[in-house]
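The structures considered in this document are given below.
In what follows, chain A forms one complex with chain B and a second complex with chain C.
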Partner chain A sequence: MNGLAYLWVRWIWSPYMRATARWPSTRSVVPFLPLIAVWWGVAQAELFPRTFFPGPAEVVSSFFTLVYKGILPEYLADSVTRLAVGAAAGIAIGIPLGLLVGLNRRAHDALWPVLLFFQAIGDIAWLPILLIWFGFGLTTMTLIIVYTVLFPIVLNTVLGVRAIPLDMHRAAKSLGASPLAIIREVVLPGALPNIVTGLRNGLGYGWRALIAAEIIVGTSGIGFLMFDARRAGSVVEIMLGMIVLGVLWFIVDAWVLAPIERATGQRWGMVQRQ
Partner chain B sequence: MRKLSAAVRFTLPLLTLVVLWMLVVYAFDVNPRVFPGVAAVGHAATEAMLDGTLAAHVAASIWRVLVGTVLALFVAIPMGVLMGVSPAVSSFLSPILRFFSVLAGIAWIPIATLWFGYGFGAIVFVIFNAVFFVVTYNTLLGVASIPMSLRHAAASLGASPWRMLTEVLLPGALPNIVTGVRTGLGFAWRGLIAAEMIATNVGLGYMLFVARDFYRTEVIVFGMIVIGMIWLLIDRLLLAPLERATIHRWGMVRAA
Partner chain C sequence: MKSLVLNKLSKTYFDPYAGSEVTAVREVSLTVKPGEFVAVVGPSGCGKTTILNMIAGFLPASSGEVLVDGRTVHGPGPDRGVVFQSFALFPWKTVLENVAFGPKMRGIAKGEREKIAREFLDLAGLSAAAARYPNELSGGMQQRVGVVRALANHPDVLLMDEPFASVDAQTRMSLQEELLRIWQERRTTVVFITHDVAEAVFLANRVIVLSRGTVLTEIEVPLAHPRRWDALIDDDRFKSLSALVLQKVRSA
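Moving on to the complex of A and B:
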């Protein structure tokens, strides 16, 4: 038992620790290797029928087939474009609305309950009526995503704006700042960390809404790919779709959200030090 | 009295919205197949309540969420604690858990319906893993974020593993666990509505989607209001107070 533990530490654990210390990016890849090995083992042992539970090799080969046919890149581009357009529109409407509701007492009294209520209805519940209004198409999907991304951003912006101490407003005002300057120099930087949190939540929800909308509306996109595969009974392509979704989110998270979060965290730190 | 005026202030904008809705439908003579009037929705509401269909749909939806969530919590919390105890194990596993919590919920609908067939099993599975991965990940983070010195202190005072679990690890991780449950249920609720549109013949999502086939917008709008109300009740009356209570508890633990 002790010998086994020694071998484990000597040959597996310490090389892993050393490798991750030298190349930190391996830390998010290596843990998946044993998982894939187990997956391969279970599929190979045929505990479940092969068509119900295919192995990694089949998924990889279907990846190449779909890339070669051009289906996967096209669907992927569709999904990402929809998410990007929805997110951009959500930000463009959400931040100004959040500032208004956060800064103006009357606007807050009038709009806050309405915002809470519409946020609770949830994106996907809008699908049926949007389908009646706009039919099966791009407009429906884009509206769903805008709706989903919008609310977390608005609600978090309001929270962020209202968390700024009143003294900051007063200090800026007594130094002769115009209302616009206060918004630009006090309110926006102060609320930025919250806005980014809202953006992260919104994208997380928007992402799921997109998949659901693509499954139900079904014209193109990764969600459609998965549901089309389900109709054909092809588990391989469903699994491929799920993996693509997961990897895509990792990329969005690492290349878009994390840098923004770091940047605003530092900015926030600066604001506090002044 | 203050509570009353706060309640009035909260409901007043919503009432204004309803009045506005009435006026717009009346003034522009909106086609009921595009958007229903208030009276039509009220009519649909009383009809659905009287013939018992609403109760059946709501009961089916809530039952699914309950079964899926309870199962998930029973597996997720012990697993999260076990994995979080060792810092090395938790840092090794967190990318995997993050990967799966990204997929949690809706992305599993196609494969769940293939594995379990359309119906109860598939939907409970979707809810189960919407809650499971998020809660496991948050529990793990919660346990991992307990300062090592606290654990050392308890151990050096002679705490048995069981007391370590019940008096240090679980209370310390509780705020994270509750946050995880809140997020997970948010995903599960949306996943439920989506899954019911696709894979069943009873439930709130199904009610909306069938109404769409017959252009019965008043049923759709009524269903949306019900969905919003139920979530608002769950979130405000159950989850938010729970979160506040655990944060107080956490404050106590820290101060002690």
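Moving on to the complex of A and C:
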């Protein structure tokens, strides 16, 4: 084997394979390495002034400083809590509403156009009126998140319900299932893959809406951190905030939502295995 | 074993494309004796699936009635089990859970219903697949689960809507033999819809030929049980009966 290939396998490929075999999640880190390398290179070359375009080193150092001061963990907890509360409310309203609209013809005719209409209005467009009604506070922010999370969940739930083959309903009925039993045993599991998609989308939008709301309304949270940093001219903190957002979403998706999807849709053969 | 009576069953609906009323089923009357295996054949569009859906209660009849054991039926129910062409197994339940579904709906406790389910899976030779999910099984195995799932609920009547149409020819033949074997052990009244004439003659005691929504003719099939394909395929009576049915279907 020629020398270069040998070096590649010995020092890079084999360790990588061993590491990813023991800790599979490290595989998802690899695509980011070139990105970070480019970032480091551009910052180092000072194509832009250092204060406008800091490199990875500064951001990491800022991370440790903010953690040490306790600011980052607190703001992070605030943001995540708001999202969790809003998401929980959105799910608690969204899934039953989606089931109703998906199953009942009259509910569908009455509510579907209304849902589409309000979905189009969008989340942040509600901010001005909510600020007048509820002021700069937690209520406004929670309402924004609930609103944002709600629509993808409802719409995807409806889709999921309607995607269940008629034969499956008929099979359940011919086996003696009551309407309630059908919802529990057929409709909910059948719609679940779509509901998970709705959750993914809803939480994604909710997360983004949260940050925007925090920028405008905020007294704490990651969004507020970034916006406040702008006033201080601290680009490093802004970049840190952005990276934290990305990493957090990545974690939620990879460690919470994707496993749910694997345990349900993929195992049941309703979603293609990767 | 219960009897099934169709009393002047009709189905008409409004066809938006034709802009007029269409009669899918026209005053069909039929008596199926307890424990009898009846096959319904006919050309495409003759109304056989519509009739089955009305017996099952999935479609309301426009007029006439369906009586199981002398009682009129209204809507679907566990007294009429159905086996679907699309299998319609619940993908989120294991094979065992699928078969135990009917008993579960009747409120039978978990231990008891799993025992019932295993019994029926044994009957069909599917014990090894009990813990698997439907998407892990072949088409033939899935349909066997479908048949067993319907039977595990002890229906008065078993309705089968072209159940083997989605399965390859060889598997189909073994499924037909197996269906007869199970039917011999757990005698139940069966209505079997198919467009395959040979399948109808192989399986049934009596073949009903349908044409354009009405019964054209009924043909008795006095062949002895157990029936095997390798024996019957050359049997003169089987061949002449199949030819007769085919001729009636084609003339429809």
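Assume the second predicted complex is superposed on the first by the 242 of 274 C-alpha atoms of A that agree within 3 Å, B and C clash if a C-alpha of one lies under 4 Å from a C-alpha of the other, contacts with A are read in each partner's own complex, and residues count from 1 in each chain.
Note that in this section contacts are C-beta pairs under 8 Å (C-beta built on N, C-alpha and C of every residue); 3 or more make two chains touch, one makes a residue touch a chain.
Quick caveat, the model's predicted, so the values are computed rather than measured.
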Putting chain B and chain C onto chain A via the overlay, clash or fit?
fit
Looking at chain A, does chain B or chain C touch a larger number of its residues?
B
Let me test your reading of the model: by the given contact rule, A:Ile238 touches which partner, first (chain B), second (chain C), both or neither?
first
Give me the angle at the C-alpha centre of chain A between the C-alpha centres of chain B and chain C, rounded to the nearest 10 degrees.
90
Could you look at A:Ala110 and tell me whether it touches chain B, chain C, both or neither (first, second, both, neither)?
first
Where chain B and chain C come nearest after superposition, their Cα distance in Å
10
Chain A contact set shared between chain B and chain C covers none
Footprint of chain A on chain C - complex, ascending
56-58, 75-78, 80-82, 84, 86, 88-93, 101-102, 105-106, 133-136, 149-150, 153, 155, 159
Given the complex, residues on chain A that touch chain C span 165, 167-168, 170-178, 181, 185-186, 189-190, 192, 264, 267-270
Across the complex, what residues on chain B touch chain A?
9-11, 13-14, 16-17, 33-34, 88, 91-93, 95-96, 98-100, 102-103, 105-111, 113-115, 186-187, 189-191, 193-194, 197-198, 205, 208-209, 211-212, 215, 217, 220-221, 223-225, 227-229, 231-232, 235
The residues of chain A that touch chain B in their complex are 13, 17, 27-29, 31-32, 35, 52, 109-114, 116-118, 120-129, 131-133, 204-205, 207-209, 211-212, 215-216, 223, 226-227, 229-230, 233, 235, 238-239, 241-242, 245-246, 249-250
